[in-house]
Amino acid sequence: MISSNPQIEQYLTNNQNSARLLVSCPDQPGIVSTISTLLFEHGANIVESSQYTTDPSEGTFFLRIVFEADDLRNKEEAIRGSFEKVADQFSMKWTLSFLYQLKKTAIFASKDISCLRELLYQWESGDLLTDIALVISNHETGREIVESFGIPFYYIPANKDIRDEVETKQLDLLQEYDIDLIVLARYMQILTPNFVEAYPAQIINIHHSFLPAFIGASPHKRAYDRGVKLIGATSHYVTNDLDEGPIIEQDVIRVDHRNSVKDLKKKGRLIERSVLARGVKWHLEDRLIVHENKTIVFA
Amino acid sequence: MISSNPQIEQYLTNNQNSARLLVSCPDQPGIVSTISTLLFEHGANIVESSQYTTDPSEGTFFLRIVFEADDLRNKEEAIRGSFEKVADQFSMKWTLSFLYQLKKTAIFASKDISCLRELLYQWESGDLLTDIALVISNHETGREIVESFGIPFYYIPANKDIRDEVETKQLDLLQEYDIDLIVLARYMQILTPNFVEAYPAQIINIHHSFLPAFIGASPHKRAYDRGVKLIGATSHYVTNDLDEGPIIEQDVIRVDHRNSVKDLKKKGRLIERSVLARGVKWHLEDRLIVHENKTIVFA
Amino acid sequence: MISSNPQIEQYLTNNQNSARLLVSCPDQPGIVSTISTLLFEHGANIVESSQYTTDPSEGTFFLRIVFEADDLRNKEEAIRGSFEKVADQFSMKWTLSFLYQLKKTAIFASKDISCLRELLYQWESGDLLTDIALVISNHETGREIVESFGIPFYYIPANKDIRDEVETKQLDLLQEYDIDLIVLARYMQILTPNFVEAYPAQIINIHHSFLPAFIGASPHKRAYDRGVKLIGATSHYVTNDLDEGPIIEQDVIRVDHRNSVKDLKKKGRLIERSVLARGVKWHLEDRLIVHENKTIVFA
Amino acid sequence: MISSNPQIEQYLTNNQNSARLLVSCPDQPGIVSTISTLLFEHGANIVESSQYTTDPSEGTFFLRIVFEADDLRNKEEAIRGSFEKVADQFSMKWTLSFLYQLKKTAIFASKDISCLRELLYQWESGDLLTDIALVISNHETGREIVESFGIPFYYIPANKDIRDEVETKQLDLLQEYDIDLIVLARYMQILTPNFVEAYPAQIINIHHSFLPAFIGASPHKRAYDRGVKLIGATSHYVTNDLDEGPIIEQDVIRVDHRNSVKDLKKKGRLIERSVLARGVKWHLEDRLIVHENKTIVFA
């Protein structure tokens, strides 16, 4: 059951007959021709498409297509079947999203709910078109606001000593709710390789960024000591290299000599919440392909 | 003869086998399929493509494709021939640019050469990949810098009383140099409909923009009196509606209460030169299609 | 009674001995010297100060000072007394804010609560240091979230036929709560001159801005038709010239040819909420002086 | 002799009676009062002032004042004399710049003249109000453009084997031209401690910045491999810690997956030239104070 949201209901009504295709494969002549002919034969019309090739000889081919067809829902199975053959032929990795089915998102939060709040806000405003199926947190802070939207809130205390036990509970919930995307909204706990591998390119995290970088403890304090004039945020997919997964989006905000360490953290939060929301939005709109630890962003 | 520029020579060497296609036409099923099959049959590989449709039922279809093929130069005639047939079939407006041929650009300048200087700078740096074939100005200010790059400089005094005579001279030069694009780099003279119609969607202008707008005389003074906190610039194609042609690019810069009218003009120039240069760059890279007094920007 | 907010409680504790002075007056020699000597004599230390003069001969002088003194609360009366004399002498307009007293803010909202939500969020995060004393709305939409923060919510239906009656109720509430600042968070109702004059330079509004401006009905539709590449927002003090009061802050966000009228409205909301919040923040921090329908912003 | 520049001549004419004061010292009560009284007694009027204190108890006090007085030139000696006494009393570091005397700037350039060109452009436009007394380069690339402005150009080949010899020549020239500010416009050579100590807080450098930082060789290549979405630039004062001197200004520009390493370098240059120019402008306008390896920027 989806939490009630009039913006999303209207979107679903308007997009019954729309779908999005993401493809990556070794480049070779004829891919676009084959795919567009296939869609044509199913009576589908391409509304928007973007394609990019790293290198025309021996490079990798990336494609995003938005298409529409009358009575699309009844054609889903047939279209999927046709694509499977083509995908085989060209060694494609691909995802095909029919817009009548919302992606199901789980948000992981902790004590500081600034990012959680922004995601809920943008979801309510119709900017994040997804079913926020549940929120899992190791603090109770967010319960009231989450439940006010009719979204289930699960409090699961977490720390490194009980990591495996905690992740088992979390994974059970993710499976129960059939989750497509996990957003770490300043969750602050490290995930085990076991967890990360269960959701490849499906976990988005946000962290602060600085020029120069301050790796290790107290980065805001060290950025303050260094007298930086910009602080930033990076949203990225989670891999087993901590904070080193494929970058999705980055942005910065100005600071000056009058800003204390606390001010830097406050300004950091302002930019973190918008950078995270943009990353999540692009994932939900099927604009992202991961390739060799980098993202292709069909913005 | 092209003014010597090592950046451009290297670009030409690297892109002998590349071309770009821009298409707009009434949308209907099968366009992408037809074009991609055509390119495939000529042995061409699509490196990058973007497509957009205003509305899948009775909307307009827009496409930009970059493609490569071995020995492309010798295939140009055959590819153009094939496209003509397809274009007819789908009622397309289209341009096909082979990258071994640089677009030829004329810059129109006047006394304030800030925009002219930026265009020359970005051309020298290899950011604007074009043959700047000539500069026409109604002031001598820019002669020294223009000629230092080996670019011909034509001084043609201009004012509204001798407009027809001036434009005749200008049009003769544009024809002599076989010009594809005219950039009004703060040229400050109004062009007649006769002139504008000779170069549809081929003349780019820059003007200042304000929120709110200040139409008429002394806009900087009125923006100052109004206490605006941002001033902007707009680059656009020139049509016969003064300053009302299709917008290509816009940007803004912050001002504050300490800035005088003169400061607003100075800051305005900083933003005007970058907004003009981006507009010109996109045109040269075949990223712009004009449709119903708006631009599609394949950024 | 102030709604409980740990961020604000901490701020109050830390700033018991701080105050801010804002001054404007005809410029003449000796003003800074007189004021700084006065503060010195009261044992106060200037922590931060900014001064600006429009024109040293016959111009206007503007000053913002943040100062601290031990046991400041007990010196308030004496300091105010000294200032009154100096203010008289130099024909000053001035405000003196002791930070142990929060400004009391009323938010006026309507059906779209995006701006209201942002203000609440920034208040909770400690970015807006004020007592949000009440919210008045002509829709019930915001009640749940407002009351969840322990802030009183007053539903007062409004339309132009009952304007006087509505404003009487509103003015009664504003007086009852001893309000210093009114924020129109997309309130959408016009205020009468009677109302506006009761709160000079104390009412902040937000509205959309475009380059060029589209005055009158359906500006988003007309901006869409014009193909603008930026849409903006302006926060300003309310005067009796509709949307023409002194501009406090402006900002813009990019849009492109793929954005529908609805998208423009959504993106507009994103920028409106941050531009309004910055304007409110600066007012609360005593950074704004109104002069001849413009603002001096001590940023 | 100053290279002819009408913008600067007009500036000098308009500012014969203006001066700027920069002060830093241990904070204590009475500083502002003492200075403003001193200026008042010399008949000077404060046009603009900004003050900031790191911490009112045992912190450091920073002040920038712009003042005017009739016949200021003839009062210079007397005002300097008065300040010396006050400076002694409060243990101040201070600079007092009378605007009729332009700061003398030397630009150090190398093969890539993008930053040099920007500085010359902004100087000609009246944005950088200084006497560009000479340009020193270890390549001939910039000679033509520099000399076209009537500025002396010195070609001094440089590499690490002849560093001392080269710096001796450079220091002789800097002394001969009585240089106040040295701008390293992508000079690419390391300066010895001997050189750096001769010009404390008087040498400004520009370098690229990344999030995360890529320290060591080929940073653009590594930023590309990491898939960053922003690249930046930092202008800073030069100290003996390579690239670790006090940061003056930073900014970023967007890049995407389609950008090659070469594109990153090109975009990097666009942002480097504006970040360097802003840093230089602020220095020339006496807006910068260095304190504990950080800058106070009175923007």
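Labels for the chains are A, B, C and D, by order of writing; each one numbers its residues from 1.
As a working rule, a contact is a pair of C-beta atoms (placed from the backbone, for glycine too) under 8 Å apart; a residue touches a chain by one contact, two chains touch by 3 or more.
What you see is a predicted model; the values in this text were computed from it and never measured.
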Longest centre-to-centre distance from chain D, chain (CA-based): A
Since chain A and chain B are copies that touch, just let me know if over half of their interface numbering is common to both, same, or not, different. same
Using mean CA coordinates as chain centres, what's the chain B-chain D distance in Å? 36
Using mean CA coordinates as chain centres, what's the gap between chain B and chain C in Å? 43
Can you list every residue of chain A that touches 2 or more other chains, as numbers and ranges? 48, 52, 258
Residues of chain B touching chain D in their complex? 48, 114, 117, 121, 125-127, 144-145, 148, 258, 266, 269-270
Touching residues on chain A, where the partner in the complex is chain D: 52, 209-213, 215, 225-230, 232, 234, 246-252, 256-258, 293-297, 299
Spell out the residues on chain D that touch chain C in their complex, using ranges where they run on. 27, 29-30, 32-33, 36-37, 39-40, 43-53, 56, 68
